[in-house]
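Have a look at these structures, which come just after this line.
Each of the next two complexes has subunit A plus one other chain: subunit B in the first, subunit C in the second.
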Partner chain A sequence: MFEKFSEILTNRHEYARDWKKRTGGKVVGFFCSYAPEEPLKAAGILPVRIIGGHKSSDKVGKYIAPNIGCSFCRDALGRGLEGDYDYLDGIVQGQTCLHTGEAFWVWQKHLPVKFSYFLAVPHSTQTIGREEYLAVEYAKFKTALEKWIGKEITNEDLDRGIESYNTNRQLIRQIFEFRQQDNPLVTGSEALDLALSGQIMDRDEHNAMMKEVLKKLPDRKMDRDPGTRIMIIGSVNTDREFMHMVEHECDLPATIVIDDTCTGIRYNFNDVNPQEDRLMAISLRYNHRPPCPNKDWPRRRRIPFIKHLIKTYKVDAVILFNHKFCQPHQLDNAVIEREMKAMGIPTLTLEFDIRIPIGQFRTRVEAMLETTMDII
Partner chain B sequence: MSKYKTEPMKLWKRIKEFKQNHFKEYHEAHKNGRLRFLGATALSISQYTGFENAVIMGSEPFAANIAFWKDFGLKCMEECERRGMTRELCGYSKCVWGAQFLNKNIMPDGTMLSEWGKPDFASSFSLAPCHCKWFQILCENSDTPMYLFDLTKAYPYNDENLIKYMTGQMLDCIEQAEKAVGQPFIDELFIKGVKNEFKSYRTWCDIMILNQTIPAPLDEKTIFSFIVPNLTKAYGDDTVALMQELKEEVQDRVNRGIAAVANEQFRIITDAIPPWPALELYRYLEREYGGVVVGSPYVICLCGSWKFENDKGDLIPTPTPVELGMPLTTREEVARALVWYRSHFSTETPYNIACGEVLHELTLKIAKQWHADGGMLHQNIGCTMQALGSMESRNAVAEAGIPCMNYEGNDADSREIDLTNMKRKFDIFFEANNVKRLTKKAA
Partner chain C sequence: MEEKKEYFRWVESTYVNPDIDWKKAEVVSAGIDVGSVSSQMVVMCDGQIYAYSNTRSGSSSPNSAKNAMELCLKDANGLTLDNIHYLIGTGYGRVNIPFAQKAITEISCHGIGANFMYGPTVKTLLDMGGQDCKALRLNEKGKCLNFLMNDKCAAGTGRGMEVIAEILKVPVTEIGDRSFDIDEEPPPVSSTCVVFAKSEATGLLKDGWSKNKVLAAYCAAMAGRVVDLLNRIEVEKDFAITGGIAKNKGVAKRIEKLIGVEALVPKMDTQIAGALGAAIYANALYKKAKK
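This part shows the complex of A and B:
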């Protein structure tokens, strides 16, 4: 049912090249999910999230030190330096962490593209004046885009962009809701491929595919023991091998029923509420979306959000996945672990690098599953 | 026979006393009926001068002092790790969290204190994202009221939208602080404090420019001691006077050809916070190779405000709002001017805040303007923000024909500092660049 999403995700570069050929449009890569995709869509551009390939590249070390740079960014930059993203016409960074920022600067300098833009998204999404501030930054971004593409982006264009993305997020959430069932009708691996493929596809095409899925999904029969219901908490999860291992290769059954990641529900949780000032509407959406740790201060909004998901998706255990050298998530993890312990939720922390030691991870996940199943 | 004349700095002892006294004033504030404010030094701590009884401490010097006393620093690190904080996290954060967890601290002269120094109000800026997470955790654990500023970007992108956004936060912070400490904010004191900060910072720029002289009148290890007044008390009349005296003394050394290092033969730039627990490496460079560290983006920008001339040219001091005739008569005007001035290359803004784009240019400008023969850039594992851009800075300097290397260290965690290996790397670097060793190498 989800094979097509997986196939496109696997062949994402071919998809983007083909899209360019079919439409004659431009493709812009973005590093972080705080880059606003709606104005790009409104400009007729295909926004593509830049992700790694879980492959080493000896070209990265000259620019980002392997002993401090986060594994995801080194991997993503490595794919760029190896030429995987040679079809990009532009790049955009919506400011979040230092690591994605540095990957952006290095890309801009050493992989020149026709359009590059660093969008100064507020570090905090709680400060006074941040919504107005971001709306003004969006206006500057829109002007830069217009200059590049050589035409005005009208309110009607923005409405189309907003509509397409709102629909996309709503459809993803509808499909994710089937994971709340006692025997979830969507596995974590499938959910990841579904959501992540959206971030590299034309959303209208993605929407059409999801609508087809939704016609059949209620009648789907799952021939598997759901086992322990797991939640994944972390940053940008692109590790399909890990997801597959947890759900299909462990000696004990398990299903990843939900996540708090920016390739999952965190990114798709809220919509743009239309208002006259379109850019303010978009600003409100990005300011109010469930935050990543970088943007979660002074109050902690992540903890209540995680607790809400645990309750809604009936989570038995949590895996905190942390990219090597991702300090923002490390800063939150100790607090999350403490909260989980207070709730009686077993927690396993795993550190992910560009390549993961899948055998070791399997042993550790199985050890956690044993504790949740009361068999030791 | 030495190449140049040298002599100790006359102000050395007074500046050391200044630091000791300021820390004493902070720790004894409550005993003396005063308020403690702890604030990240990026974009100023002078906003608290409007509180008549305030003793204001910069959180970075507060942390660096713990890091310098490495035995206590190590205890702080271990206490954090015992509570689930990982080894890779910001070294300064772990110094201060550790002090809070242990409820102990240490004075600049090494005297142990039986209380960590809980502030009455704390604030930080999103200089690095973890700068605010640092204070979030600190204030949650110590039940301290806080204000966390969002500094989204800085020079060369400190435009009207940013100035308006930051000024709004500063005014809000003042109101929140008034409520938290229950004392009125006096605008006249604030205006005076900020004007003093402009003077102290401007003088610092002049002092740094004097260090472009050959031989260098100051070496970076000595400069580290001189940054403290501006970092902790730039708003004070005494700091303004001290910086002026320092400038006059450095000017006098320049006039008389007094060198910081008598055998100066290789001028070096660094880039980041040094490995505080291993400052002896600076003396190693001087003693063994006549290598004098003349500056870095860190030490030059930390207590000054800089910009590129005509946006592309040399690094020059940012004219102060007073010099530019900006209106400075109301709280709003002064907050706005302070935000504008400090959102240039000031404190550590070049390392992040959308300036990653220009950090390598800044480093290269410094290498050229300070007449560096080489660069030794610290890949500071204790500070992601500084370490991330270090590789590109090295590339820029090296590609401009100035030999440059990175060395790995940590600003706070002595366990991550391999002094033997560092020295070996420096030896190879000097040898590769035909710098004559001044001492006989130990067998």
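This part shows the complex of A and C:
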């Protein structure tokens, strides 16, 4: 049912090249999920999230030292330096952590593209004036895009972009809701491929595929024991091998029922509420989306969000998915661990590198699953 | 030609309980722990230890399991694999034990094994194995409630200690005692990295340190490293240590000093804790299945 999403995600570069050929449009890569996709879509551009390939590259160490640089950013940059993203016409970074910023700046310097834009985002999405500030930055971004593509981006264009993305997020949420069932009708691996493929596809095409899935999904029969219901909490999860291992290779059954990641529900939780000032409407959505730790201070609004998901998706255990050297998430994880302990939820912290030691991780995951049940 | 001495080697052992007749047992259960450095098999008769073996692991997990099994059953009064009702595999190689009915992680098995070994008062367990080190919080039944593991580095583990033994040409079993045969406790070595150990140890010896002093500095550094895990998991009494390094007083006593808690005194070979836990699970699961 979800094979097509997985196939496109696996062949994402071929998809983007084919899209360019089919439409004659431009493709822009974005690093962090705080880069607004709606104005890009409005400009007729295909935004694709730049992600790694879980492959080492000897070209990265020259720019980002492996003993201090975030593994996700090193992997993503490595794929760029290896030429996987040679079809990109532009790149955008919505300012969040320094690691993604560093990857953007290295890319800008060493992989020249026709359009590159570093978009300022409020340092905290709790500050006074954040909404107006971001709307002004979006206006500058829109002007830069117009100059590059040589035509005005009208309100009607923005409405089309907003509509496409709102529909996309709503459909993802609808499909995710089937994970709330006692025997979830969507596995975590499938949900990841579904949501992540959206971040590299034309959303209208993605929407059409999801509508087809929704016709059949309510009647789906799952022939697997859901086992322990797991939530993944972290930054950006693209580790399909890990997801597969948890759900299909462990000795004990488990299902990843929800996540708090920017490749999952965190990015798809809220929509743009239409209003006359379209850029302000988009600013409100990005300011009020469930936050990433980079933007979530002085108050930690992530904790109530995580607790809400735990309750709604009946989570038994949590895996804290931390990219090596991702300091913002490491900082949050200490608090999340404490909160989970207070709630009596078993929590396993795993540190992910470009490649993971799958055997060691399996032992840790299985041991955590064993803590959730009485073996004897 | 002089035979090359292997300083890393520890004595492989077997045990058979002379007071138990396995033929009279209702349930004969077994556990095999295939670790990265050592493998053990424990056979239980109605929940009591009947026999065990403790041997080095090879490069193949199935062969390591087979070796542990053959060694364990060699003097077990005719007991064969066919007489064992239920066998559980654990450890790094647990999924590659061809004659195991089920696999359970070494984390859960060490918890249950320590509960049997030390009693139900153990709340915090440190398992110092061949290539990893884990801190566990247990309930009164030995069930693991929470755990932390080292990763990506063999420092502070049995393999790390074996490397030091070879570098300093000191039998691994003597390291603990010799590390206390010093005038004054030296500061821990700056790096516990097994790969860099040779250059660091050589440098210290050149500076006039005795071998014992270098051993003390290594034991202290290894203790400091694993104490990080214990502090993170928060030690609650009683505290116990399993695994091969539990036999190394040089590390164990320094850990006790750092956390300010004495470890319970082991009543049996601490290396068999994982296989013992697996055998206990096997006994319980067999009985549960029969009901």
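A few notes on this one:
By our rule, the second predicted complex is superposed on the first by the 375 of 376 C-alpha atoms of A that agree within 3 Å, B and C clash if a C-alpha of one lies under 4 Å from a C-alpha of the other, contacts with A are read in each partner's own complex, and residues count from 1 in each chain.
The rule we apply is simple: a contact is a pair of C-beta atoms (placed from the backbone, for glycine too) under 8 Å apart; a residue touches a chain by one contact, two chains touch by 3 or more.
Everything quoted here is computed from the prediction, not taken from an experiment.
Once subunit A is used to superpose the two complexes, subunit B occupies space next to subunit C without a clash. Of the two partner chains, subunit C is the only one that A:251 touches; subunit B does not reach it. Of the two partner chains, subunit C is the only one touched by A:346; subunit B is not.
In the superposed model, A:146 lies in contact with neither subunit B nor subunit C.
After overlaying the two complexes on the shared chain, residue contacts for A:363 are found with subunit C alone; subunit B is out of touch. By the document's definition of touching, of the two partners only subunit B reaches A:331; subunit C does not. Look at A:241: by the touch rule set out above, it reaches neither subunit B nor subunit C.
Note on the composite model: angle subunit B-subunit A-subunit C, taken at the C-alpha centres, equals 80°, rounded to the nearest 10. In the superposed model, A:177 makes contact with neither subunit B nor subunit C. More residues of subunit A are touched by B (comparison of subunit B with subunit C).
Once the two complexes are overlaid on the shared chain, A:271 sits clear of subunit B and of subunit C alike. Superposition on chain A places subunit B within reach of subunit C only down to 5 Å, the least C-alpha distance between them. Of the residues of subunit A, not a single one touches subunit B in one of the two structures and subunit C in the other.
Remark: subunit B residues 83-86, 88-90, 126, 128-130, 132-133, 136-137, 139, 146-153, 157, 161-162, 164-165, 168-169, 172, 352, 354, 356-357, 379, 381, 384-385, 387-392, 395, 406, 408 touch subunit A in the complex.
Contact residues on subunit A toward subunit B in their complex (touch as defined above): 62-65, 67-69, 95-99, 101-102, 105-106, 108-109, 118, 120-124, 127-130, 132-133, 136-137, 140, 293-294, 297-298, 300, 325, 327-328, 330-335, 337-338. Interface residues of subunit C facing subunit A in the complex, by the touch rule stated above, are 92, 95, 102-108, 132, 143-147, 149, 151-152, 280-281, 284-285, 288.
Across the complex, subunit A meets subunit C through its residues 251, 341, 346, 351, 357, 359-360, 363-364, 366-367, 370-371, 374-376.
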